[in-house]
């Protein structure tokens, strides 16, 4: 499966150029002969096959979701939605209906029915703050577990891990009581002195519950950086902590970016606490989840709006992934990171 | 000239404790850096868990204002394990459900929830790892447009669970989706996939793989990217075929990242709930966490819920121990 | 977040939040102090999530919101735990009397403490299922619903099934344009236990716990009566509808009028094909009527649900005859609120015809007082106008929800076993005898 | 048969041409050393031969086969990397035996070979250390063992001894030479160590900025450098150079003149030439008998002394007021080497002679060598 | 004032004692070179001084302050690492300026200094290369620039020139020496290159297996090695050794005898001693005038010749049937160095003498030196 690393990318280019003048052999026969005589080509073919397979399987549900969003709500239950939205009828185009019987308006109704943008913003803010918090705290802890030797390391690591053994529900009752309690000290900062309806009521538990994973990821990546670099930074005049943030963290860019993306996504999509720590009002920091669920009633479910809102809600993540993948894939570690 | 007199000597307050730390032993330094993490965990995890543990030792009280009755020790645990507890009859008795090869294991907890969960964990984690690895290898290549392929592969992970569940629920919804007809046509599904444990199980598993393979891919990709490329040069010269390079260089070097990914995937899969709830429902595919949530939310048996949560944790811990052994062997620094 | 002190927060849902202004006006018209303003929070649409929200709010002693809108299906546990304000001591005698005398009894029952008889919740609006049908299709097949007065004359299940079969066949049957002759809810979910199965079983003369007065308890001191013939027959009839009479464990003289998709159907799954023009008959709640008016195909007609045995011929008191599960919502007051007095004033105003009519007109939710419904102006209530007589008819033939503190456990057992019987995992007798064991277990 | 032939190899990176039109023919069984300044393209050349880098132009042949498109594993080579590049997750044994295990040698054979290799690099008893637990030199030895354990047709060794101490270096040097003879392999070697280059190689290839300067035996490079670059690069300390002009009488510069017949040496009067003389070919006047034929005497002042133990280097100023520049040598400055016991002090005035037979002349502009060793005098010097 | 003082430093890893009870006093402004075989603990010593490794025992003082507990950044040191350790995520400029930027120097000052440092290591114009785009030598030069840009009190340099070519090595050597004088700093240096150790250092510290063997000036180490280890280690090629016994007449071994008066040299008859003689102190019989005082003539057979350009090494067998072992030297074998022009062939029979004044005697058992240079003969040799 490791197709390309077999040879330099420039080989591929050259081979493609060289492969041109063989067209007139039997198509299949020629192809097979090439495969055998040139395993690189076979790898290449396998590579493209896999890539396309992955693309189709990951993207099809989104495509389907999009079709669902375009389906007018009256069309549910009439025909199955497969490749075209329900009610899709190209012949309507002739009648001047450019939507061809679909309902692109769903993408606007999402915002008019509910302040969906505000929900997304809330989630975005909560996820951003949570991610920063997680990365900072987990960096410190991951560094300790990945690079330092001290007594009690394994037990402490297990203690962190134990948090992940429990379903979130196991934390809920005590946390709910805690976060709804009125703390007079908090009263000047937060209306009515309890954390309910305050973003931190989501940020704190969700970050903490995601923390073990972040710590483990960072631990693994930090452990891989050779000691020499940290030593060099310390000699150059950083503190140990400085060396962590100036050398270890940037060098673990793939790991940190991964932990960051996962953290953001996890918090952004979190299900349990998000739905319980606010009263569901956008102005009370209710997250995007409440927005999506807002289209679902006991009776009537606005499937098309749920689908449209999901697509919209996924967009920030898509942007994040585009940005972060640069980091994840930056070949920083090539060449000079060596013992 | 020889003495260093930096112009902007750092006198910020923040620096003082950091400087103080420099001279301390590695252990003191370690504890200091761990403090924030443990403070957060103490507040949000250890304290609630301790409370929950306490709750699990009391009787359920469904009528009074206080949800807990008198102290009963471990009897909630005993009841859950022996099937005497009033955990909701939310779970199909798998043994009599056709078409799904479950064995009779005793109490409903063990026979249904545990078994469904374990089957789910093993199947889904296996395929997610396999597919995630494949995806990561593809994403690790340099090719035109790989940036977009990367986004496409990772994006399912970004889909909120509610929506993930909804997509698959709707695809297999007899009115709206096409999935049931397709699968029935292929002879894989029975007549009511959303009401059948076997078919529902497949739907949930596929949905989970669709979404979480991306998680594996992301972590493995990061691991792949951290490998010093000159090692591949050495291996190439040593005569390694691509497969051997994968086996002897890539695999062992991503192993720590891979095992961490699998570890957390396993723990997550063990706690599967949201997806089930949002797609086929807990009554079709009962998992351990379903049991907790339903006891908690629906029947308000908090003590029983707490006991089930702890039992879940015990089951998970068994798996985790296995992983930790692997992680240590793979060179992940645990000792 | 600067709520000034006189604003009363009512946690309801998106739809009520949409008519906040109208409601406010109506409350003032009904005599509410002009100083008191309300704000309506769009709580979760999903009833289970709403219950979870309220459970955690009340468990944590949270002071907001001031008023909860609670599903009559799960208000009882809160009452039993005395987590909501006891209205008996707080409301004016006038209002208490109004509720006691004029409100729909079945609704008041779910708002009252079963042991003390004290009122803890104010019924806000009830909800009743009806049989909806495609009037146009039925008429094409040669029936005359209006002439035969379907809207207030219940059929027996036997008659009903034959009519459906006939109309369906007329339109091509299974292979024709309509996949379903009839849709209802047979998913394994709470709605099966409390409502769909409950009402059908009742119409066959069966019951969970004997006489209807036992539905609210006393737990442990009432018979469990599920493993009996009427209950078995209910299941067998449903199996006939789904699989045809040739299958095992069915009733021979009931034709197939649907298919086994029903075991995956909740309200929405049942509604989609109907609204989408793919089903002819449908058991569902009145919310489908405004939706159908908006986007549905064909003309909708309504009638009471069919009966299995004649009214009064059931073995237990309250069973037999056309029966309709009672849904609906109540208002309760958060005892931890700082604004209990104002909240009480709001409830006083809610218990007025002005408010009831406003709600009915704006949202289509029927008034909790039958008399108000009878006096309603058909032109003022939009699409509901055509169905007032059916509504009034079914409002008098309701089956209360059997809500007690153990109901959540029991509901799970019930829908699980019934569903198993529907799908053929077990025979009706096996399933009901298993259920009997489980219910008796939870009654201890 | 494993000769290696580079034809017209060019490797360009974005902004650098690392290797430029290189043609190199290494015979079977030859020990060829690539030398050249840092960054001149030695490693790049090695990588091209190994197939780790694809040349921008040109072809590589090994054993008569065109291997330009073959992957490294099919080229029959093994390589020691400049950056050592041990597998961090394998212990010493696994690192060394990696290539053998890939080829599925049986366990005994692997053990035997690993033991032999470890023996050669003196790593016995460290078989289960991890790379992170070893010193720099130990790691480098593991890297060497990993390459030699496999007896390939061609060895590529990029600075394999850089981190070793003198004694071990000599030991390894001898070991490699022995191995070379025993196994009858071709070795291409990169080193910055003159002693290694001189003693081990059959031929040396001198590279500058990616361009091959001279390929010849070590002594030929030393004695008959093809151009100024090679002359300056080979030999440590390096040759003394003086820029001057050809006059009727021979060479003349600001600081020195040397008499000879321009015609007999193929230079033209007025030509800009650079004269070169190695430090060991500068003799004290009193020792002039050591020179085959001495030039006239130059009076100089000693500047810096560098005792090396077995010899000492003396920096000389041709005139007292010459200022020594950063490198210690420049116009008007001269380095000579003396026996360790010669009694000499800094700032002393002494007289020295050059060995005429060891004088090199280069064209200053093109840098090409013109003459190596002046012909015997026909006219007596003043 | 930045002297460095190690007191009783011991560093133990699990199974290795890397540094053993080391006491070392480096004076302010001194240039001290640590030498020793690979794995002897040089890097560990450096790390201890830098504060990167905590010694198991002992204290480190810099400038009179006990810094054992101070972090590296407060010790006023800078360091060139053996493994180079460039920050792979920073370009050359950022790598070099890292320490300055940490200390918040203003931009101009940073630019100026970086430029100067880059100049010294000849890296101008490469400021925005990434480490992965550079050759080995270029990387090493960046590492040196990073260390010198900061003018600290103490420089620690672990093999800073290993990857550089001879010319650049000489250049850098001179630059470092100049820097050393200019900045008046203390330099502690590790190298495997004898030439560097000899030419640059004020003193050399020879380490073996973590134990300090001798700390003295380069010439003293060369001429008066304190024990067998130092004698063998310093000097390249290294000293010839012969094991033998003291007789009434002096030294006697299987292959050679040297006459002297045991009493006058502080040895006892019957004592096991090892005689040492450096290759350059073995002379051809016909050149014996070059020796201060020659021993008797030994008839030997030449074995291998190694021409080095400026000299040649000749391996001699004391008897024809002696078999040369792997290292080329052993009992009965001898290495001598000759001028490059001596005409000599392999397998020739020749006669050589030793320079009596250059003969060293060591106690074979303890390894300690007994005598450096025999006293002038009182009895004529046979």
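In this document, chain identifiers A, B, C, D and E correspond to the written order of the chains, with residue numbering beginning at 1 in each.
Throughout what follows, contacts are C-beta pairs under 8 Å (C-beta built on N, C-alpha and C of every residue); 3 or more make two chains touch, one makes a residue touch a chain.
Composition by chain, UniProt nomenclature: A, B = ABC-type sugar transport system, permease component; D, E = ABC-type D-xylose/L-arabinose transporter.
Note that this is a predicted model, so its numbers are computed, not measured.
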In terms of CA centroid distance, which chain is the most far removed from chain D? C
Chain pair with the most contact pairs? A-B
Per the C-alpha centroid definition, the whole-Å distance linking chain C and chain E comes out as 96
What whole-Å value do you get for the distance between chain B and chain E if each is reduced to the mean of its CA atoms? 58
Inter-centroid spacing, chain C versus chain B (mean Cα positions, whole Å): 39
Multi-chain touching residues of chain D, meaning two or more other chains, are 71, 83, 85, 88
What are the residues of chain B that contact at least two other chains? 6, 19, 22, 175-176, 228, 230
On chain C, where are the residues touching two or more other chains? 52, 59, 272-273, 276, 278
Write out the stretch or stretches of chain E touching chain D in their complex. 13, 35-39, 43, 82-83, 133-138, 140-141, 159, 162-171, 174-175, 178, 192-195, 198-199, 218-219, 222-223, 232-238, 278-280, 290, 292, 306-311, 313, 326-328, 337, 339-341
For chain B, which residues count as touching chain C in their complex? 62-65, 67, 86, 88-92, 96-98, 173-176, 191-196, 281, 283-284, 294, 297-300
What does chain B use to touch chain A in their complex? 6, 15, 18-19, 21-22, 25-27, 29-31, 33-34, 36-38, 40-41, 43-49, 51-52, 55, 131, 134-135, 137-143, 147, 149-163, 166-168, 170-171, 175-178, 181, 210, 214-215, 218-219, 221-223, 225-230, 232, 242-243, 245-246, 250, 256-257, 260, 263-264, 267-268, 271, 273-274, 288-289, 292-293, 296, 302, 305-306, 309-310, 312-313, 316-317, 320, 324, 332-335
Residues of chain E that touch chain A when the two form their complex: 47, 50-52, 71-73, 77-79, 81, 83-89, 98-99, 102-103, 130-133, 139, 146, 150, 156
Show which residues of chain C lie in contact with chain A when the two form their complex. 1-2, 11, 13-15, 41-47, 49, 52-53, 56-57, 59-65, 267-268, 271-278, 285, 287-288, 291, 294-297
